[in-house]
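Below are two complexes that have chain A in common, paired first with chain B and then with chain C.
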Partner chain A sequence: MNRPDPRLLLGATCLAGPIALALLSLAWTPFAVNGLDIAHRLLPPDAAHPFGTDGFGRDLLSRSMAGLRATIATALAATGLGAAIGIPLGITIAASHERRSAPLRRLADLVFAFPPVLTAAMLAALWGGSAAGAVVAIGAFDVPVFARIAAAAALPVLAQDFIAASRLAGRGPLGVLWWHILPNIAAPLIVQASLQAGIAVLAEAGLTYLGFGLPPPAPSLGGMLKDYQSALGAAPWLVLIPGALVTLLVLGCNLLGDGLRDRLAR
Partner chain B sequence: MDALTTLRSFASRLLWLALALLACSAITFAILDILPGDPARAMLGMNATDEALTALHAKLGLDRPPMMQYLAWLDDLAHLRLGTSMTYDIPVAQLLSGRLAITLPLAAGAMTIALSLGLPFGAIAARRRHRADGVMLDAAAQLLQSVPDFWLGIALVGIFALHWRFAPSGGFPGWAHPAAALGALVLPALALALPQAAVLMRVMRSALISIEPQDFIRSARARGLSPARIFLRHALPHALLPVLTIATMQISFLIGGAVVVETVFDLPGLGRMLFDAVGNHDLVVLRDLVLLVAAAITLLSMLAEWLATRLDPRGQPR
Partner chain C sequence: MSEVLLEARDLTKTYGGGGLLSRRRRARPALDHVSVSVSRGETLGLVGESGCGKSTLGRTLLRLHEPDSGEVFFEGRDIIALSAGDMRRLRPEMQMVFQDSYAALNPKRRIGALLAEPMRVHRRRAGAAWTPAEIAERIDELLDLVGLNRTHLQRYAHEMSGGQRQRVNIARALMLSPKLIVADEPVSALDVSIQAQVVNLLVDLQQRLGLTYVFVSHDLGVVRQIADRVAVMYGGVIVELGDTDTVLHRPAHPYTAALLDAVLDPHLPFRRRASAPPVVTGADSDIGCRYAGRCANVAPLCRQRRPELGGQDGRMVACHFPLA
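Showing the complex of A and B:
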């Protein structure tokens, strides 16, 4: 069974296009992201404007590229934040005595009561919508997920002899964590990171739709859906394309996660 | 299980619930009132005079130390005295009841649709997993669970409201017209439910597939039980546990999703209230609202957790 899982291939394909567009937008976009061109407003997709133009004549491809960049950056940062806090917390839970770990578990689960939209709403009310607020709101929600997975995976590893041997050899707790525990629990964490990145993309799109994320005029996929929703009848591509890009990213993350789960579990 | 242990486990759950709610209130308060950023200035804007700021500080009780503010808020909550909206100058409680009458049926309807589509289709997909239609079903679910619910909502409006004129594209006529009110909730409930139904379907499918090769199913088959009886009495109860776990986590997604979907369909529910409170910097409404939603999620999750332990005989204390 050396043939690659079709889901891995398909997932990577789904992600490759959007990621390439996002990276390209760092250096070049076909038109200025917020460049108005009223003469060419609401053009359907054609050779000059592959994704068409919006009600101000702005090129949708250029805006989508910048929006993808913001979405991907937010999703990666949020997932990274959740993992960076959740994984050490999970290992601490696994390593501590039941009496101390049970309240920690409960405390971590408490975060589930604050879906990203609630946290982002509070942050947006104080400081206005921001990409950083979206990262914090989504990342915080990831903490208990990573903590649960890390705790479950670390528990059997911690009981093994080589951990005790390494401790006896004089490695400190951080050394044991980094060199021995983390490599042995990496597989389920990588799978979960892929799935959480997909959830983060969905959440980012929702938050920018509400205006709780990256504020306009910076293009965001959710913000575009909000702006173009009223043009649904006249220019359906304006609504179809940003939503399809979000779906493609999420599908890619999910396929990659599912494929990795089966491959790494063997 | 005797009455005393039931009572004890019930009491300990109640204690945990109280602690969790207290912690939720502490988190909400910490974010809104202790983080840098002056709520009064956020409400009045940058050009506010010092006198106006001082007056609002006094009205909101912001001139008191944070701990006193927190205790005063808790005291209000304990007596079910919610704040008064800064924007509308109406009590939050009065605002809430009308909003809940939209969001509660919307979320409950979405959950019902998600379960009633997800579970049967999951069972079908598990049964026919080696056939083309079963594989297609799983692929469709994989795609559907990747679709943003609010985008699906916009698409449903495009198809059913603008094109076929089946359903209203948004707005809410009020419960005085029950048929029209239900009609206004159908598309938003579907938009919320379909991606979650896809998630439940895939959980149900993989749970049933992992149960099938197990010994107790084989011995049930060897005893000559009918396939229907094996499914209902042996496979289904086992599969429902992981489904319930995921459904519990979906409560949080559904409520978060409802906020966005209500905005898409212009439904004046809790989500819109949250959206408006942020737009108006109405921190009094926001504080009560966030806590209410967080408390609802906590309560529902604990209920589902309790249900799961009742379903799973292994979890029962001996």
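Showing the complex of A and C:
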């Protein structure tokens, strides 16, 4: 009776490969991530180096695996950070009087007005390039997104009598939030989280492309695109492969989000 | 029997009070200096048309809504002045049964978890040492009392009928052995045949457990069955208050009389009128009697001076020219 949504399947397929590679990199990579081997520089993909090698003879598969790991970890951490702050904030805004929450709403607008790249550039200037800076910059951008979705979804739930009944049972505000509100607004938040994860992947790739991530030689997908773009003519795989991996991740997140939206909407 | 359990003094509540930038400048109060008391073990019926403030009064008595001014004394303590923590500790004493039995149950939680919630919350908060087995035992006891069984515990609210859901709500309200139950139109959303069952259940529970009820309803027939005293509300004030028999058989306020004329109940006196008074919305007076705009017996005095609630012998009425 439940024919799986093709977008869910396709999205999961898109994500499965990159995630498996990233997880594998925790334990094993075919070559050392930063291992130089000048004798085998700029090799096209073959059996020994499935993704080829770069100008220093570094194995692109190994570097891609480590880069994927950084990208996925950053995207998940940033989305988690945004959700962890944004969802309680949104529910608080929905629960409090409009006049009292007005400053919070304006603050959310203000955060929206700053593109994450700008925020990341500011943070990088303050702290130097770091993975934490990227997480905070992207996560900060996610906070108002989750706050708005949570507030919009929580507003009709808060008006329901079972919230009043729970207050009568003696539950405090946090208990009501966790036990009653969250399960009833989970669907749109899960959908939004998967869409935001896609945006975060793109943002992380963009930030590392601009050099606002971990400093070299730490591998990152965006960093590889920047480093190898001059070799596009001579060794196109060096650019196409990291680019394809980013595309695959973003596409997977978006397909998953779209599929979930229809699956969870009732 | 005549000991006062709950007393409201001078409750005032206005919704959507116009802020500086609000478009609605002058909001009519939902409660306008309402005072009423409920004795231990009795049932006070609150009746009136939609928007008269009866539900607001019911919820304010439990401090689900904060009044703008006024006090609510529960066993002599002003609960409006209590801190949030003290109020939560007092919650077990006063519970509510809601009109919409579906909206009163979280759709994502099983009935068993919802029934256990009051005891689980208070076990953690008040240090009452209920074990899960004791909670399960209490749930069994209440399921028995309200006529449900254990098979219902695994269900979700949408898998039950309206009558069953309302029984769950009643059981849940009783979990912590409250003294007071505010029932806000508890049977209005049910089929007529189920209405009688639930009303009988409420009456039965009151006798067995010595409960005090505030019973909000627009249905005078139901109120007649369950209420010892009746407060008739109109436009945020109580216009008539007294023993159920007195008020419903010899109404003194023209509005009570008009309400009774609108009821088809063989047990209540039916007086056919030549013509019903016109319903003039928005014509409620600000200076004189609120009902003057709709009253069949309106006199010049009614538009000049607001009548106060007064009287004797188990009946108070707010009218310059009472009918009885």
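Basically, the second predicted complex is superposed on the first by the 265 of 266 C-alpha atoms of A that agree within 3 Å, B and C clash if a C-alpha of one lies under 4 Å from a C-alpha of the other, contacts with A are read in each partner's own complex, and residues count from 1 in each chain.
Definition applied: a residue touches a chain if its C-beta (ideal position, glycine included) is under 8 Å from a C-beta of that chain, and two chains touch if they have at least 3 such contacts.
The structure presented is a predicted model; accordingly, all values stated were derived computationally and were not measured.
Participant: Aligned on chain A, chain B and chain C: do they clash or fit?
Facilitator: Once both complexes are aligned on chain A, chain B and chain C fit side by side.
Participant: Looking at A:126 after the superposition, I want to know if it touches chain B, chain C, both of them or none. Which is it: first, second, both, neither?
Facilitator: After superposition on chain A, A:126 lies in contact with chain B alone.
Participant: Is the number of chain A residues in contact higher for chain B or for chain C?
Facilitator: Touching more residues of chain A than the other partner does is B.
Participant: A:184 in the overlay: touching chain B, chain C, both, or neither? Say first, second, both or neither.
Facilitator: Only chain C is touched by A:184; chain B is not.
Participant: Who does A:165 touch here: chain B (first), chain C (second), both, or neither?
Facilitator: second
Participant: Quick one: classify A:64 as touching chain B (first), chain C (second), both or neither.
Facilitator: In the superposed model, A:64 contacts neither chain B nor chain C.
Participant: One more residue to check, A:196. First (chain B), second (chain C), both or neither?
Facilitator: After superposition on chain A, A:196 lies in contact with neither partner.
Participant: Considering only C-alpha centres, what angle arises at chain A between the directions to chain B and chain C, nearest 10 degrees?
Facilitator: With chain A as the vertex, chain B and chain C sit 90 degrees apart.
Participant: Look at the superposition and give the distance in whole angstrom between the closest pair of CA atoms, one from chain B and one from chain C.
Facilitator: Between chain B and chain C, the minimum C-alpha distance equals 9 Å.
Participant: Identify the residues of chain A that lie in both the chain B contact region and the chain C contact region.
Facilitator: none
Participant: Using the touch definition from the top, list the residues of chain B that touch chain A in their complex.
Facilitator: The touching residues are 16, 20, 23-24, 27-28, 31-32, 35, 37, 39, 42, 142-143, 145-148, 150-151, 154-155, 157-158, 162, 249, 252-253, 255-257, 259-260, 263-264, 274-275, 277-279, 281-283, 286, 290, 293-295, 297-298, 301.
Participant: Using the touch rule from the top, collect the residues of chain A that touch chain C in their complex.
Facilitator: Within the complex, chain A touches chain C at residues 99, 160-162, 164-172, 175, 179-180, 183-184.
Participant: Which residues of chain A touch chain B in their complex?
Facilitator: Those residues of chain A that touch chain B are 106-107, 109-110, 112-119, 121-127, 198, 202-203, 205-206, 209-212, 225, 229, 232-233, 236, 239-240, 243, 246-247, 250-251, 254-255, 258.
Participant: Applying the document's contact rule, which stretches of chain C touch chain A when the two form their complex?
Facilitator: Listed in rising order, the residues of chain C that touch chain A are 19, 59, 62, 64, 84, 88-89, 91-92, 94-96, 98-100, 103-109, 114, 117-118, 121-122, 125, 169, 172-173, 175-176.
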